[in-house]
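Have a look at these structures, which come just after this line.
Below, chain A partners chain B and then partners chain C, in two separate complexes.
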Partner chain A sequence: MSNATFRTCPESGLQFHKPAELLMRAHAVVAVVILLIGGIAALLVTLTRWPAIHLLPADRFYQLLTTHGVNMLIFWIISFEIAVLYFCSSTLLRCRLATPKIAWLGFTLMLVGIIVNNAAVASGTASVMMTSYVPMPANPNFYLGLILFAVGALIGCFVFLGTLVIAKDEKTYEGSIPLVTFGALTACIIAVFTIASGAIVLIPTWLWSLGYVNHIDAAMYRIVWWALGHSSQQINVAAHVAVWYAIAAIVFGARPLSEKVSRVAFFLYIAFLQLASAHHLLVDPGLSAEWKIFNTSYAMYLAVLASMVHGLTVPGSIEVAQRAKGLTNGLFEWLRKAPWSNPIFSGMFISLVGFGFIGGISGVVMGTEQINIIIHNTIYVPGHFHATVVIGTTLAFMSLTYFLIPVLFRKQVAFAGLAKWQPYLFGIGMSVFTLAMMGAGTLGVERRHWDMAFTNSALGFEYPASAFTLMGIMGISGVVAILGGAIFILVTVVSVFFGKSVESESSYGIATTRLSRADPVLVPDGGHEAAGKWGFAAPGTFVLALFFLMIFVLYYAVNWKYLASVWPMS
Partner chain B sequence: MSAIQPPAATVWWKQPLDKVEGTWIGIALVWSLIMFFMMPFWHVYGKQNLSSEAYKTTPQAYMAKTQAMVDQYTVRTETAAQLPVVRPPPGSDVYLLGRLWQWYPLLELEKGQTYRLHISSMDWQHGFSLQPVNINTQILPGYEMVLTITPDTSGEQTIICNEFCGIGHHNMLGKIYVTEGGR
Partner chain C sequence: MSDETTGSGAPVRVPFMQRVLDNPFILLFIGIVFPAVFYIIWGIMEIVNIPIAP
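On to the complex of A and B.
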C-alpha cells in the first residue's frame, strides 16, 4: 500500500484512506440532503397535527407523513451509519477500505433506491406510511426503492466487514479492535439481520404489488416486517452508543471504565436486541402470552440491562477523565465544568440523557405486554421513538458531524456561534415535543391521524381539552426543534460547500479546547477510585444513575396503576 | 487507551470490574428481573390481560356471523346511514367488524356483564381504540380476535380506528354504549 493514498489529519492524528474518505463524504452528504427533505416534511406534518393550525388537507398529510417516516427512519440514518461504519473501520484502524469500487456500487444502489422510493411517494400512489401494512397496496416502486436501498446498505456492511479482515491481516493494529469499532461491528451485525428480514418481507410484497403473488398474510407480514422495522432502530442504538463512546474519547480522552463490561453490553445487544420486534405485536391476534413476554422483554430485559450499563459507563468514563484532570470537588464539578459550549459534547450529552430518561423509560414501559393495551398506536408511540431516534440517534450523529466537518471535510465550522446553541434548541425542543406527545397519547390521541376533532364523522368524539393543549405544545416545541434541525443543515451545508479550508486546529471555527486530540487519560496513583468517592471511580454518575432508576420505577408503577383502571378483560 | 484506540492491555478481559460498574450492574439486573416477572404475575393476579384466543377466518364467513347477530338483536338505528345498534344478551358472543371506513354494528352492552367480543377486518388492517377507557388492539383481515370483556363503567365509549387505513381513516368511528345493569 502506497502512502500516497493516505492522509493524516495533522490535528487529530487520524489517518484517512483517500477512497474511504470520499465514500464517507458522499454518504454523509446524501444523509444530510435526506435530513433536509425529511425535515421539510416534519414541519408540514407538525403544523397539521397542531390543532390550531391544521395546515394540510388529509391526502397531503398522509403522503408527507409517509415521506417523513421513510426518509428519517430509514434513509437518513442508514446513510449516515454507512459513513460511520467506514470511519470506524478504515479510519480508526488506519487501514485501507476493502473494495472501494464495490462500495461505490453500494452507494449508487442506495441513492437510486432513495430516489425511486421518494418518487413513488411523491406521485401520490404510495401514501401507505413507512410500515406499508398489507393488504393496503402501494405503487410497486415504493417497495422496489426500499429493496434497492437495502441491497446497497448490505454491500456497505460487507465492505465494513471486509475492511476489518484486511486490518487484521495487514496488522494495522495490535490486540483487539477499539471499543468504538466493536460498537460499529455490533451495529453492522444487527444491520445484516435487519436487511435480510427486510428482503424476506419486501421482495414478496413487491411481487404481490406487481400481481405475481396473490396473497400476503397480514399477521405474517407484521412479524417479519418488524424484524426490519424495529431492528433497523436497533442498528441506530448500537451506532449512537458507539458515537457516545467516540465523543467521550475525542473531547475528554476518556477511556472505557472497563473494556470487558462495555463489550459484553454490546454483545448483549447482538444477542437480544432484535427480539424487541415483538413490541409492535403485543396486541395482535393469535400470538401467545409466553411468546410475547419472552420477546418483548428481550429475554428478561438483558438488552435493557446493556443500555443501562452504557448509560453509566459513558458518562462514568467522562467523569473519571475529568476527575483525573483535577475536577474533583463534590459530586458534580466534573459535569458543571464540562465544555457545555462545545456542540460536540453538549449534543452528545443531551442525546444520552434524552435517550435514557425519555426514550428508554417510555420504551420499556410501553413494551410491557399488558401496559401496551393502553398505549398501542396512540401518539405516545411516536413520542417514544422520537426520543430514541431523534434525541438519541440523530442528535448524536449531529454532534459527531461537528467533529467531522473540520477533520473529515477539512472545512471550518461556519456560523460557529449558532452551532453552539443548536444542540440545545434541537434537544430541548425535541424533549418537550416527545413529552407532549406521550401526554396526549396517554389521553388516547391516536397516531397517524389527520383530524383529532373528527369534524367529518357522523358519530363524533371529543377528546378532553387537555389533549388539544398538549397537541398545541407539541406543535410549538416541534417547530422549535425543526428550527434547531434547520440550523444544523445550514451550518453543515455552508461549512462543507462554501466554508474556508482549515489550516490548523485554531481555525476549526468551533470554540473548543482539546477538540480532537485529547490524550488518553492516565490512571492516577491508587487507581480511578482515588479521585472518586466511596470507593467509586464515578460517584456523580452513580448518583445520576440512581436518580434515573427512581424515575423509571415510579413511572413503571404509575402505568400499572393506570392499566388497572381499565375494563377487566381476559 | 481511549475508546477509539485498541485496548492497551491485550488481555483486557481479565481487568477487574470497577466497583461502580459492578454495583450498578447488580442493581440494574435486579430491576430487569422484577420487570420481567411482573408480566406473568399480572396474568395470575391482574384483571387486564389480552386473550390469545384467535381464529383464522374469511371476510365472507365473518360477515355472515356478524349479520346474523345484527338481524337477531338490533334494537334501533342511528345516524343518517341507519347504522344498527345491537344489544346482545350478556355472556353471548358479540361480533364487531372494521371496514373502510366504519365499525359495524354499534353495540349496546350492560355494565358488569361479561361478553365475548369478536373483532375482525373485512379489508385492510385497522386499529380498535376504545376511548375514553383507552383499550387498544390491532385488527387484521383473515383473523378473528376474541376478547372476553367486562365493561365496568357505564356511558358512551367511542371506537376510533388507530391503524392508518387510507384517506377515510380519521372518520372511522364506532360506538359501544354501556347501560346500567337491570334496565
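On to the complex of A and C.
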C-alpha cells in the first residue's frame, strides 16, 4: 500500500486515507445540506402547529411535514452515519478504505435518491409523510428515491465491513477492534437489517404505485415498514453512543470503565434493539399480545439495559479521567470543571443527558403495552423521538463535527463564540420542545394534525387550555432550537467553505482535538478507587445514575396511576 | 480461530464470547436473524393467520 495516499493530521495524530477522506467530506457536506432543508421545513411545521400562529394551509403543512420527516430521519442521519462508518474503519484502524470506486457509486445512488425523493415531495404529489402507509398512494418517484438511497447506503455498509476485513488482513490493529469502531459496526449491522427491510417493503410498494402490483396488505406493510422506520432510528442510537465514547476519549483521554461490559452492551443492541419497532403496532388488531409484549417489553428491555450501561460508563469514564487529573473534591468537581465552553464536550454531554432522561424514559413508557395506550399516536410520540434523534443523535453528530472541521476539513472553526453557545441553544431549546410535546400528548393532542382547534369541523373536540399553552411553549422552544440548528449550519458552512486553513493547530487547541494521542489517564496511587469516594471509582456518576433511576421509577409509576384514572374499572 | 499465541509462543484460549464479538460476520448474522425471526416472520405469520371475512 502506498503511503502517498495517506496523511497524518498533525494535531490529532489520526491517519486519513485520501479516498476515504474525500468520501467522508462528501457525505458530511451532503448531510449538512439536507439538515438545512429539513430545518427550514421544521421551522414552517413548528409555526403551523403553534396554535397562535398556525402558519400554513393544510396541504402545504402535510407536504412540509413529509419533507421534514424523510430528510431528517432518513437522509441527514444516514448520510452522516456513512461518513462516521468510514471514519471509524479507515481512519481509526489506520488502513485503506475498501473499494473506493464502489463507495462513490454508493454515494452517487444516495445523492440521486435524495434528489428524486425530494423532487417528488416538492411536486405536491407525495405528501404521504415518512410512513407512506398504503393504501395512500404517492408519486412513484417518492418510493424510487428511497430505494436508490437505501441501495447506496447498503453499499456504504459493505464498504465499511470490507474495510474491517482489510484492517484485519493487513494487521493494522492488534486484538479486538477499538470500542468506537465496534459501536460503528453495531450501527452498520442494524443498518443492513433496516435497509433490507426497506427494500422488502418499498420495492413492491413502488411497483404497486406504478400499477404492476394490485394490492399491498396494509397490516403486512406496517410490520415490515416499521422494521425500516424505527430500526433506522436504532442505527442512530448505536452511532451516537459510539460518538459519545469517541468524544470522551478525544476531550479527556478517557477509557471505558469496562470495555468488555461496553462491548456486551453493544451486542445487546445488535440482538434486540430492532425489536422495539413493535411499539408502533401496539394497537394493531391483527397481532397477538404475545408478539407485542415479547418484542416491546422482554426483548426491548435488554436493549434499554444496554443504553443504561452506556449512560453509566461514558460519564463514569470521564469522571475517572478527571479524578486521575486531580479533580477529586466532592462528588462533582470533575463535572463542574469540565470544559463546558468547548462545544465538542458540551454538545456531547447534553446529548447524553437528554437522550437518557427524556428520550430513554419516555421510550420505555411507550414500549409498555398497557400505558402506551395513554399516548399512542399523540404528539407525545414525536416528543419522544425528537429527544432521542435530535437531542441524542443530531447533537452528538454536531459535537463530532466541531472536532472534524479542523481534523478532517483542515479548517479553523469560524464564529468560535457562537459555536460555544450553539449546543446550549439547540439542546435546551429542544429539551423544552420535547417536554412540551409530551405534556400535550399526555393531554391527548394528536400527532400529524394540522389544526388542533378543529376549526369548522363537523366532529370537533375541545382540548383543555393547558394543551394550547403547552403547544405554544413547544412553538417558542422549537424556534429557539431551530435557531441553534441554524447557527450550527452557519458555523459549519462558513468554516468548511470560507474558513481559514488550519496551520499548526486547530482553533480549539491541541487538548480538544486529539484522539490517538490524547493524554493518557494515569492511574493514581491506590488505583482509581483511591481517587473516588466510598470505594467507588466514579461516585458522582453513581449518584447521577441513582437520580436517573429514581426519576425513571417515579415517571413509570405515575403513568400507571394515570392509566388507572383514564380507564376506571369500577 | 480459537487460540492466539503469547509472546512466549504458548497458545492462549480466547473466550467464546470474545470470539463472537471479534467476528463481524457472526454479529451480522445475529443482528439480522434475531429481528427477522422474532419481529418480522412471527408478525407476518400472525397476520397471515387472520381469517378472511366471508
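The working rule: the second predicted complex is superposed on the first by the 552 of 570 C-alpha atoms of A that agree within 3 Å, B and C clash if a C-alpha of one lies under 4 Å from a C-alpha of the other, contacts with A are read in each partner's own complex, and residues count from 1 in each chain.
As a working rule, a residue touches a chain if its C-beta (ideal position, glycine included) is under 8 Å from a C-beta of that chain, and two chains touch if they have at least 3 such contacts.
These numbers were taken from a predicted model, which means no experiment stands behind them.
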{"item": "Contact breadth on chain A, by residue count: chain C or chain B", "value": "B"}
{"item": "First (chain B), second (chain C), both or neither touched by A:Thr368", "value": "first"}
{"item": "First (chain B), second (chain C), both or neither touched by A:Ala219", "value": "both"}
{"item": "A:Phe542 touches, of chain B and chain C: first, second, both or neither?", "value": "first"}
{"item": "Which of chain B and chain C A:Arg255 touches, first, second, both or neither", "value": "first"}
{"item": "Contacts of A:Leu275 with chain B and chain C, given as first, second, both or neither", "value": "second"}
{"item": "Touched partner set for A:Met550, first chain B, second chain C, both or neither", "value": "neither"}
{"item": "First (chain B), second (chain C), both or neither touched by A:Ile189", "value": "second"}
{"item": "First (chain B), second (chain C), both or neither touched by A:Tyr133", "value": "first"}
{"item": "First, second, both or neither for A:Leu287, with chain B first and chain C second", "value": "both"}
{"item": "Residues of chain A at both interfaces, chain B in one complex, chain C in the other", "value": "176-177, 217, 219, 281, 286-288"}
{"item": "Residue ranges of chain C in contact with chain A within the complex", "value": "17-18, 20-22, 24-25, 27-28, 30-32, 34-36, 38-40, 42-44, 46-47, 50"}
{"item": "Contacting residues of chain B [partner chain A, same complex]", "value": "1-7, 9-10, 12-13, 15-21, 23-25, 27-29, 31-33, 35-36, 38-40, 42-43, 46-52, 54, 79-81, 123-125, 127, 129, 131-145, 147-153, 158, 160-167, 169-175"}
{"item": "Touch list for chain A against partner chain B, complex", "value": "58-59, 62, 92, 128-129, 133-136, 173-180, 217-219, 222, 245-246, 248-250, 253-262, 281-289, 293, 296-297, 300-302, 304-305, 308-309, 312-313, 316-317, 364, 368-370, 372-378, 443-444, 446-451, 454, 456-461, 463-464, 518, 520-521, 528-529, 532, 535-539, 541-542, 545-546, 549, 552-553, 556, 560, 563-564, 566-570"}
{"item": "Complex interface listing, chain A residues touching chain C", "value": "161, 164, 176-177, 182, 185-186, 189-190, 192-193, 196-197, 217, 219-220, 223-224, 227, 231, 263-264, 267, 270-272, 274-275, 277-278, 281, 286-288, 291, 294-295, 299"}
